[in-house]
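Paired with chain B in one complex and with chain C in the other, chain A is shared by the two complexes that follow.
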Partner chain A sequence: MFTSTTFLSILPETLILILGVILLIVEPFWKVKDPSSGGDEQRRNAGWLTAGGLFAVLVISVLVGRPGDPTSTFGSSIRFDWLGFFFKMLFIFGAGITALLLMDHEKVGRRGEAYMLLLASTIGMCLMASAADLITLYLAIETTSIPLYVLAGFMLTDEHSTEAGFKYLLFGAMTSAIMLYGFSLLYGFTGTTNLYALADAFKSGQLAAPVMFGLIVLIVVGLGFKVSVVPFHFWAPDVYEGAPTPVSGFLSTASKAAGFAVIARLFLVVFHDVAVDWAAVFAILSAVTMTVGNLLALPQKNLKRMLAYSSIAHAGYAMIGIVAVSKLGITSVVFYLLAYIVTNLAAFGIVMTVGRVTGSDEYDAYRGLSRRSPWLALVMLAAFLSLAGMPPFGGFIAKVLVFAAGIQANYIWLVVIGILNSIVGLYYYLNVLKYVYLFRMEKEDEEAHPIAVTRPYAIALVVLVLGIILLGTVFAPWFGFSNAAAMNLF
Partner chain B sequence: MIPINYYIALSAILFTIGALGVLVRRNPLIIFMSIELMLNAANLAIVAFTRVYQILEGQIFVFFVMTVAAAEVAVGLALIVAIFRTKHSINIDEMNNLKG
Partner chain C sequence: MTPDLIAFFVLALIAIAAALGMLLGRNVVYSALFLVLNFGTVAVFYILLDAPFIALTQVSVYAGAIMVLFLFVIMLLGTETLPVSKALPWQRPLAFVLALILAGEAGYLLFFRKVTSGTIPQPVQTFGSPQAVGQALFNQYLLPFEVTSVLLLIAMVGAIVLTIKEKGGQGK
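After this line comes the complex of A and B, so read on.
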């Protein structure tokens, strides 16, 4: 019953849980009673512990917990395969970087609870990527979402933050209820909650196409919310703007990738043989998402809002890989998310670093950044060009792969829309860089206003920039991992 | 024994009432109640199906859904209290600090 594979299949989750418990036990002892004697400095230790612990979990999992042939454990409720494993490593990496970025956030980073919520949410994401049962899947999605609602509204005295948390909760609760209704019908029509048994049920006996279509729509609502696909994107700009910046970064990267992991498994395994052409539905969603996200990003003057719309657009690009329904398609989605997580975390890291000093996320706060802090500006250049899809950065290879998958699957029109959208995207990313490199601060000497980069931010940004460049230049091993993950679905 | 169709019809009606409530009402507390209604519509459907198939998975699912619903509402009410403290109002239409 319980073999070593059983425990290996939830090794990352177990280790994160242990880390969380240690954090909760240790954190109260770090609080210094007299805050005037630098008590806050002490509590940063919670951040170091979380980030260090997560990277240790990452290393241990890669060394010990690699999957072999796909197996099901825990009464077939967990699938132990490369797809789940690869996504888990992505989430843990994202959470580690987010913990580093949280550390010097004045209102959030000095509270142990914030890190605990981050860890809880990461456990949920890890389970989302490997869930093979509707019950596990629903619980994993909620375990991810509920801590994120709290994190988004974490700054209780800030109207924007609480409003962001509340909006996220309302949209999240409603869409997950709709998805749950879809799950209940899925269970009702087939009599099983196991994803692989569901797939078999659909292979042998088909439901009427309209019923199946309705079911798929219900489920797409819930997952579309997680990956912020138009028309389920309304929450994203508001929540990203109001939530603490590192949390926005986490929402836009790891949380979105978790949604894609579920979409990939659910649609390529369960609905693979269904008579409904769901790929066409996704193709339309993808085209609309790219276009709406990019067009709404154009007039923005607030960098966090702009990144929110850009992250909506990126969900559209990544979806092209799902539309392709092929090995290359899923490989490209996985690679895209890898590049996107690294790049977008860097972008939010910069917003955090600059916002901490200037107290603003408006474009105007970035005037003369290249003179105030040349290295930071260079990191920003790399991140934004990678987001725009310029070589030699990771974003370029990722875009090439999804477009190639689209063409291979004969969705030429979709790829054309994607390429046109990339050009629109280039405009607004370069627009921000214009503020950074060409504009000057008014009547000020920029060199007199340097932007201090504290140690956790420096570490996070250096790791991320190296990642961006590595993904774009030495992409073969990463492509290999993505491919191994994709193979498990076919 | 009441046929399964009746249960499914009732659950569909409850779900629709819940969804309309979320979309139409402006008071966050009533919106939460509507979301509960949607979740319970799903619960009802699951329990009804479980009786047809005579397997326990569905019953277990329902217990988990109830737990999740409780957790969600706990977080929601906490956020409503926090919003009320800063704004002295919990009307959805007045939550418009963030837009553009």
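After this line comes the complex of A and C, so read on.
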């Protein structure tokens, strides 16, 4: 039963688990004398260990753990293919950057448990991307969510954070119960939990149309919550605002991408033959999500809330690729998520860096940033223009691909809505940059208030900006990877 | 009447009485104990249906772990007796209407629709036996089984994080 492929198929998860256990064991004993607090013994920051470990996992997995032809392992609980592998690498990258961003967070950074929770959540996401069985899938989703509930509410003394954690938990528990109901009906009607066996059951058309539609609706509720599509988006702004900033960044990028990985596999493998039924529903969801997200982002005055609404809108754009139900469609979704993870992590990285010094996430805190810290302002320019979809950044190529997939699938109206929404988006992204570049601090000399960028933040931001530019200029190899991932679904 | 049928009716009566006792009890601890009784009778139902594994799970997980947790929480909160409840004004009429609808539906299905259940295929003798469950759990579902251990570890870490008292200020 066990071959080397079996172990390779869960290599990243195993390595992350080992890293997590090492972290839990070593961290309490690993103390240094901290001169700043009068020579008291302080726990050493576990962030370096986590981030370094995750990047080592990334390198090892890319070197030895690459998949060959799609195979099923662990009694077909796991599908070992490029789609899963590519997403896993994305999640590990995102988690590594998040660990760097957590390091200098005043209340979270010095507590090893936070990094352990982050690692556990990453394990869950990796399993989500490769799960080929409803039971594994459900467990993976819960393994992803439960650590995130705790991380969102990590700052016990901060009532916004507690509220965020609690709200996320309540929404998550409810939607996951509804989705589980859908899964159980799926099993009840077909007698199997394996996704690929389910696909055969759907091919033979043994389910009545209303039953199938009901099932799909139940499942969409759970996954829609994960990717924050519009009727299930209410948690996002409050949770993003209250949670520690790096955690919000992780929620809006890796967690969302994991949701899309599941949607892609579930809907293109299991429900592929009934695509006409759900594609129309997804098209409407996509249009509403883009519009509502962008319009609600317009009046925001708090950068974290604005990014929350913008991340809702981005889920809408990415969904166009799913609606297309084509190879190009899935390729574009994968590429979109790649560009989005890199860009949005950079955006949240800046919020974290600036918020740490100014103690505020309001737009007003960003007045004169270009004079206080020119390099930081430049990073922000790159990230926000990429979010808005401007060349030569990754966001531009991503949007082009998604819209191209929409046109190829004859969803012209959806693409028109998408383009109109991009214009709205451009407005509010530039609005923030207006504070950064044009506005001045009142009666203050900006150069007397520089914004210190500590080493972990500098590393994270440089890596992300290079990524943003690389994705927008040398995009062919990334497109190739996305394409290889998409091929596994057809 | 076969012995099974007699056992079923006796148990059914106990189960319903226990459920009613749980709902109508004014003392939370009594309610919780009634629920334990209800879970216990349901476990015996499972044994009657030749499903010993589920029966034992029912006893150890529901009647054992979960209900003990309930009792602990009740004790710790010190809310043994319920305060006089302030029912919402529209709650009773709504409950009445919903109950009527449910009774109507059940009556319709029982008396007016000829339900033909068809032939339900008899499950194999070992279906759901502890051996079969164990075989499936450690072969086909080995990975999900291991994932639950990660989940439990995280639940512990999370519980500690959320309940620990910070020693004022940064770091600990």
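To be clear about the criterion, the second predicted complex is superposed on the first by the 472 of 490 C-alpha atoms of A that agree within 3 Å, B and C clash if a C-alpha of one lies under 4 Å from a C-alpha of the other, contacts with A are read in each partner's own complex, and residues count from 1 in each chain.
One rule holds in what follows: a contact is a pair of C-beta atoms (placed from the backbone, for glycine too) under 8 Å apart; a residue touches a chain by one contact, two chains touch by 3 or more.
Keep in mind that this is a model prediction, so the values were computed, not measured.
Superimposing the complexes on chain A yields a three-chain arrangement in which chain B and chain C fit side by side.
When the shared chain is aligned, chain B and chain C each come close enough to touch A:Glu142.
Once the two complexes are overlaid on the shared chain, A:Ala177 sits against chain B while remaining clear of chain C.
Once the two complexes are overlaid on the shared chain, A:Tyr187 sits against chain B while remaining clear of chain C.
Judged by the touch definition given at the top, the superposed model places A:Arg110 against chain C, while chain B stays out of reach.
By the document's definition of touching, of the two partners only chain B reaches A:Glu241; chain C does not.
Chain centres taken from Cα atoms put the angle at chain A, between chain B and chain C, at 10 degrees to the nearest 10. Shared-chain residue A:Ile459: touches no atom of chain B or chain C.
Within the superposed three-chain model, A:Val424 lies out of touch with both chain B and chain C [touch as defined at top]. Within the superposed three-chain model, A:Val150 lies in touch with chain B and with chain C [touch as defined at top]. Looking at the shared chain after the overlay, A:Ile123 reaches chain C, while chain B stays out of its contact range.
Least inter-chain distance for chain B and chain C in the combined superposition, rounded to the nearest angstrom, is 5, based on C-alpha atoms. The contact surfaces that chain B and chain C form on chain A in the two complexes overlap at residues 135, 139, 142, 146, 149-150, 153, 156-157.
Here chain A touches chain B in the complex through residues 134-135, 138-139, 142, 146, 149-150, 153, 156-160, 162-167, 169-170, 173-174, 177-178, 180-181, 183-185, 187-188, 191-193, 237-238, 241-242, 300-302, 305, going by the rule given at the top. Remark: chain B residues 8, 11, 15, 18-19, 22, 28, 31-32, 35, 38-39, 41-43, 45-46, 48-49, 52-53, 55, 57-58, 60-61, 64-65, 68, 71-72, 75-76, 78-80, 82-83, 85-87, 95, 97-100 touch chain A in the complex.
The part of chain C that touches chain A in the complex is made up of residues 139-144, 147-148, 150-151, 153-155, 157-158, 160-162, 166, 170-172. For chain A in complex with chain C, the touching residues are 1, 10, 17, 24, 37, 42-43, 74-78, 106-107, 110-111, 113-114, 116-117, 120, 123, 127, 133, 135-136, 139-140, 142-143, 146-147, 149-150, 153-154, 156-157.
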